[in-house]
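Got some structures for you, see below.
Both complexes below contain chain A, partnered by chain B and then by chain C.
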Partner chain A sequence: MASDSHSDPDEPTVENGSEVGIDTDAESNERLRRIVERNPTRLGVGRAGPRPTTEALLEFRADHGVARDAVHSRVSDDLLEEFGLVRLRTRVADTDQYLARPDLGRELDAESLERLERDCDPGPEVQIVVSDGLSSSAVEANVPQLLPALLDGLEARGVSVGTPVFVEFGRVDVMDAVGEELEADCCVNLIGERPGLRTAESLSAYLVYGPERGSATAKKSVVSNIHDGGLPPVEAGAELVDLIGEMLDAEASGVDLREDDREFRTES
Partner chain B sequence: MNADPKSLTSVGIDVGTTTTHTVVSRLRVETPPGGAASPEIVDREIVFRGPVRETPLLDRETIDVEGVAAFVERDLEAAGLEPAAVDTGAVIVTGETARRENAEPLVHRVAADAGRFVAATAGADLEAVLAGRGSGAAAHAAETGGTVANVDVGGGTTNVAIFDGRFDGRKRGESRVLETRCLDVGGRLVRFDDDGRIGSISPPAGALAEALELPLAVGDEPDDELLAGLAAAMADRIVDLLEVPPFDRLTRELAIGELPTDPVSLDGVVFSGGVGRLVDSPPADPFAHGDLGGLLAAALREHERVRSWPVLESAEDLRATVVGAGTESTTLSGRTISIEPDLLPLRNVPVADVGDLAGLEESRLREPLEAAVARLRELHDLHDLDAVALSVADVGPLVYERLGSVADALASALEPLPPSLPIVVVVRQNCAKALGQLLERRSERPLVALDELAARDGDYLDVGAPIAGHDSVPVVVKTLAF
Partner chain C sequence: MAIQTTTPAAGDRFDSVVEVLAKANEGKTGDELAGIAADSDAERVAAKRALAGMRLETLRENPVVPADEDEVTRVIQEAVREPIYDEIKDWTVADLREHLVATGTGEREIAAIRPGLTSEMIAAVTKLMSNLDLALVTSRMEVSARCNTTVGEAGTLSFRLQPNDPADDVSNIIDATREGLSYGAGDAVIGVNPVQDSVETTTRILEATHEFIEEWDVPTQNCCLSHVTTQMDAIREGAPADLVFQSLAGTEAGNDEFGVDVDLLDEAHDLAQRRCVSSGPNVMYFETGQGAELSGDAHEGVDQLTLEARCYGLAKRYDPFLVNTVVGFIGPEYLYDGRQVIRAGLEDVFMGQLHGIPMGIDACYTNHMQADQNDIENLAVLLAAAGANYFITVPMGDDVMLNYQSNSYHDAAALWELFDLGPAPAFREWLAEMDLWLEGRLTERAGDPTIFT
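Presenting the complex of A and B:
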């Protein structure tokens, strides 16, 4: 078997702390090492016969566990209190229903609609929504850095911001419902993305100008891959400040916003 | 462009206070493996060295651009080089004649694509640094890890740059400029007519002669003893400049810019410059150049203190100089940047490297930023520039509070700069937009913040107009080669 050509099969190649397990010449190993260094995916992890090595398997299962936790855990009250987020809920009852019924995740339950009217300022230029989506971990990890940069930036530009809300079991388009109810000019949804095996902490920001229920996805803008290994949350906050400014000026979002995208525009 | 993309033909034109010369060099450029790294000059070979000529002047302040261009054209012809074959280069105008209006037209005269050139004007301090890089003093400091002073004694000024080779996380083979010290002392401060009479005495030499009660006047037949006395007095000032504070009153009077307050212990001294190189190899006739240079060199050579110095040989037999702008790499900034589009494009923006702020507590952030701003003010004629750039390797953790502290420190460190001078902030981490917005709220200055870029001390940046909406700008990092 090819793997037996290791001079010492019990001793995996360890370089810079990462194990690179292929069994060819030094030059190929060096090339692989360079690729592995620059790529966060599971490359060159080696094998034991036809199976993954015990270590690779354990790492895989650990990462998978982190991903599952991100979906099944809930955002803490501490975070909501720290940033004064009003807690809302969609019509979804539990995680299983959330996964099975995307439609219920786009609409607020009756109590939340009431709370929205009672506790939130109507008619802001910008309404900020935070949703757990598929990763509560993403919200916990990124919102504390992103939100201050976003709020301070909008304030410095003289943009009025409504009472920020948190929506449990929210889908992207729940911002249409929230924005429509509050008659916001523009709505932002900071939502946890489907976790991967690489990171469970990726957040996206979806934005819509003139939110209304049932509006097309093409009308929405997105800033994605927000996490420490991607777009740093604090930089994302600053980018959203500029993007929101652009949307308010153009009174548009999604493919209607940028000149380059106009051929796809949603309204003629 | 050269057929071999890894080899660049570079033209370095040094228009000094008194002399001008052209150097053509071939730079070998390699991009280190790893993708993210920018190309580096791995080897430089001087293929042509033009004769050293007196800098043609229209008057005391103004360079005769046509005259210099004619010299350069003649030199390039002698080197067998068509303007189109020139890949890159630098025009450095130093000394009293440091006026950018002079440097820019020169670039257009000698280069088919002037955009590939650095046109830099240098005050005495930058001239000191350039000389020390050229003479090998900087390299010697880097190799030995010691502290080496380069003493560039020229026609009008003496420029000292002190290089510190102690390793502090920089790239191997680099040394840091510890400080520069400049003095109005040079060989051409006294000039002789063809008949041997004193033709002119520049004010600094006049002041020295007066202080020492040496009866010297224009039109006099020079008395060798008197002249040697003046040369010795000049040498005293140079020694004083290097060995102390506290400085002699005369030294302070002749100093250009600030003098340091702390003494530096030196592991080596290199002499360079038109007069400096005569210290090692005295000319047969000290008056061959029609000035005091030969006598000044002799006075330095025989100076009791200089004899005790660890004098090292200069690597250059000629005037140490810049050999061109080297690795020029066009890159794109990060996608999230903070810019005022009206400011762009910016050309030949000098960079001061702030270094790594990551380990610093909030209260200590200002020190390296202020030091970088001080370097920019010392080394460059600020009113001649499109902008100045500060390059930050690492701001520390990318958290909102930290960026706020860095922006506070930056806003305060920028205070001494003219309020209308645009500032380019270059960061390696992806945080230009956040930092730019925070800075915007703390400072009224015109500002461009770029990220995912690295630039070092002595680099020059060209920042182009934004591409693809306004998400990213092309940036050319031009590194001077010595």
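Presenting the complex of A and C:
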């Protein structure tokens, strides 16, 4: 029977890294293989009675485990040292509080405010912030390629860049606090996205012109889905350089940086 | 107004009905984030005591958002049938709870008082009920609805098949539909969330699902869950929709965040009744979820459970075919962990059914929530026992488009076996004709999507 196909090694199965666990004829097998290959969803997983096969169940749990670990693990000191990121922290005490209190993740703690004043250059055109957000894995996987591409591109354009910082337990809007304190023209936050089961390594870049605490979400621009299987980090760096150039020219971001304005400015 | 608790020992005073309602809630991170939750367990229970002694009339006369400021309040207030309300207005919330759990109270007795209840009364009694209270009373209620098929009839448990694709690729959407149907899921609706909210995409998805349903003669209905205005434009241009969908909030400001108001929803309902390709009479589909108003800064200082109840008060105006809470989608800042999600799921389905709307649930979670698949399987078992009308199912529990996890196609047959239930009668017959279902169990053919090629 279909549900127990694993018990008979001679029964046909479809290979997709693992047995699919559905017992059909050769022609159906070929159709099933095509369905499994072209779909990003978990199709053709088979069943054991009314339940998933053990392999499908374990694969699902493995992917969920990776996603959970991305939320609960921290960015390494090695990465911060390698790229000379000044370490800051929000008012959040631990991961549990981070998840429950987004408001505390938007403001720096007292020590970080001092460090910002002491260790970071004030008044840059662009201030870069890196935050763990909901995935430290996204930071670890993308920042080593993305950050140099971004810095080189901005330098080539003659844009002044402040001292890059890393904010632990940061939310998107923590860039408002950092940018306001340093009086930056523009602030970028490279932050780990909420992990899915397909990838836990997706990073987003949020950008704001004229950062100030409490500014509306609609005033922010975003480039999302940055990872090797989406927008590759080096390409994302180039895209961000262009976007920052437009923001600095237009002195605007988010909904204020509308498509028609951008075209108008390009023509003029 | 000052409200004294009924027992002097408690000694607490609360300043308003809104405050009592908020503090009487079971613990939820969303109410803490809003700064309106009880400060301690002792205060929580004091608020529950104050609420237990409150008369239903007090709740009617103190809606959580004033009627002159909020059209959701006006919809709820205007729907009250006054003679029935007059009969129960002197009841306390404790009286209402004990009436609902009393031996001998069933659907008939509950239906007799339903038109006299407001959403605030329903929210209030929910705050006094334990999880088993909620499951017990939900199991006594039978709220069915009919589109092409029925949901909510005794002995049935239905499933939405949710074949989302991250690129809106219709051949992939149909593949996931094939797989789901082969597991017996899909009698509630084949409902697709599009990535791109456009008339073109909506039309393409509606046409593909409609054609598949026609080709295989599946007794179900299709729906594309884009914004209601997008669906309306698609339908006006001839797209074949069985149902019209929209997300709802419990305040006027919250609905404004969703880009809808009562006039627009009235128009959508009117259009659906005239232009949907289904046989009706119930042609609307709504989704809700605790915390949606706060996330849009439109909560008006009101707790998330009471606002959720008000969504159902609004939904009722449109005699919907399907309403479900998307209970764990919103994130841990509103519902922190499996415990809070399970509580909210039980509350929402109970409140929906007590409003008289055919209520189902998307028992789900995100990866930053302290929950896993076991938690939502627990919730599914509880709500199947309680008689929820339907659940959402996705391939192997993983929605790669919306990036969250819900019940798996597999869970349908397991829940039917566990509680001796089955899908809607017409769908059951169709499964038998397709040789997928025999004597209450999946057949050997089940689970193979290629049978629909």
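The definition used in the following text is that the second predicted complex is superposed on the first by the 222 of 268 C-alpha atoms of A that agree within 3 Å, B and C clash if a C-alpha of one lies under 4 Å from a C-alpha of the other, contacts with A are read in each partner's own complex, and residues count from 1 in each chain.
Everything that follows uses one rule, which is that a residue touches a chain if its C-beta (ideal position, glycine included) is under 8 Å from a C-beta of that chain, and two chains touch if they have at least 3 such contacts.
This is a predicted model, so every value here is computed, not measured.
Once the two complexes are overlaid on the shared chain, A:Asn39 sits against chain C while remaining clear of chain B. When both complexes are overlaid on chain A, the residue A:Gly158 reaches neither chain B nor chain C.
In the superposed pair of complexes, A:Gly84 makes contact with neither chain B nor chain C.
Of the two partner chains placed around the shared chain by superposition, chain B is the only one that A:Ala149 touches, whereas chain C remains out of contact.
Residue contacts after overlaying the shared chain place A:Gly214 against neither chain B nor chain C.
Annotation for chain A, partner touching more residues between chain B and chain C: C.
In the superposition on chain A, A:Glu239 contacts chain B only, with no contact to chain C.
Shared contact residues on chain A (touching chain B in one structure, chain C in the other): 38. Of all residues in chain A, only 34, 38, 145, 148-149, 152-153, 156, 228, 231-235, 237-239, 241-242, 258-260 touch chain B in the complex they form.
Partner chain A is touched in their complex by these residues of chain B: 33-35, 336, 338, 398-400, 403, 429-434, 436-437, 440-441, 468-469. Against chain C, in their complex, chain A makes its touches with residues 1-3, 22, 24, 28, 31-32, 35, 38-47, 50-52, 56, 60-61, 63-64, 67-68, 70-71, 96, 99-103, 134, 194-198, 200. Chain C contributes residues 29, 32-33, 163-166, 171-172, 175-176, 178-179, 183, 331-333, 336, 366-370, 372-373, 394-398, 400, 403-405, 408, 410, 412-414, 417, 441-442, 444-451, 453 to its touches with chain A in the complex.
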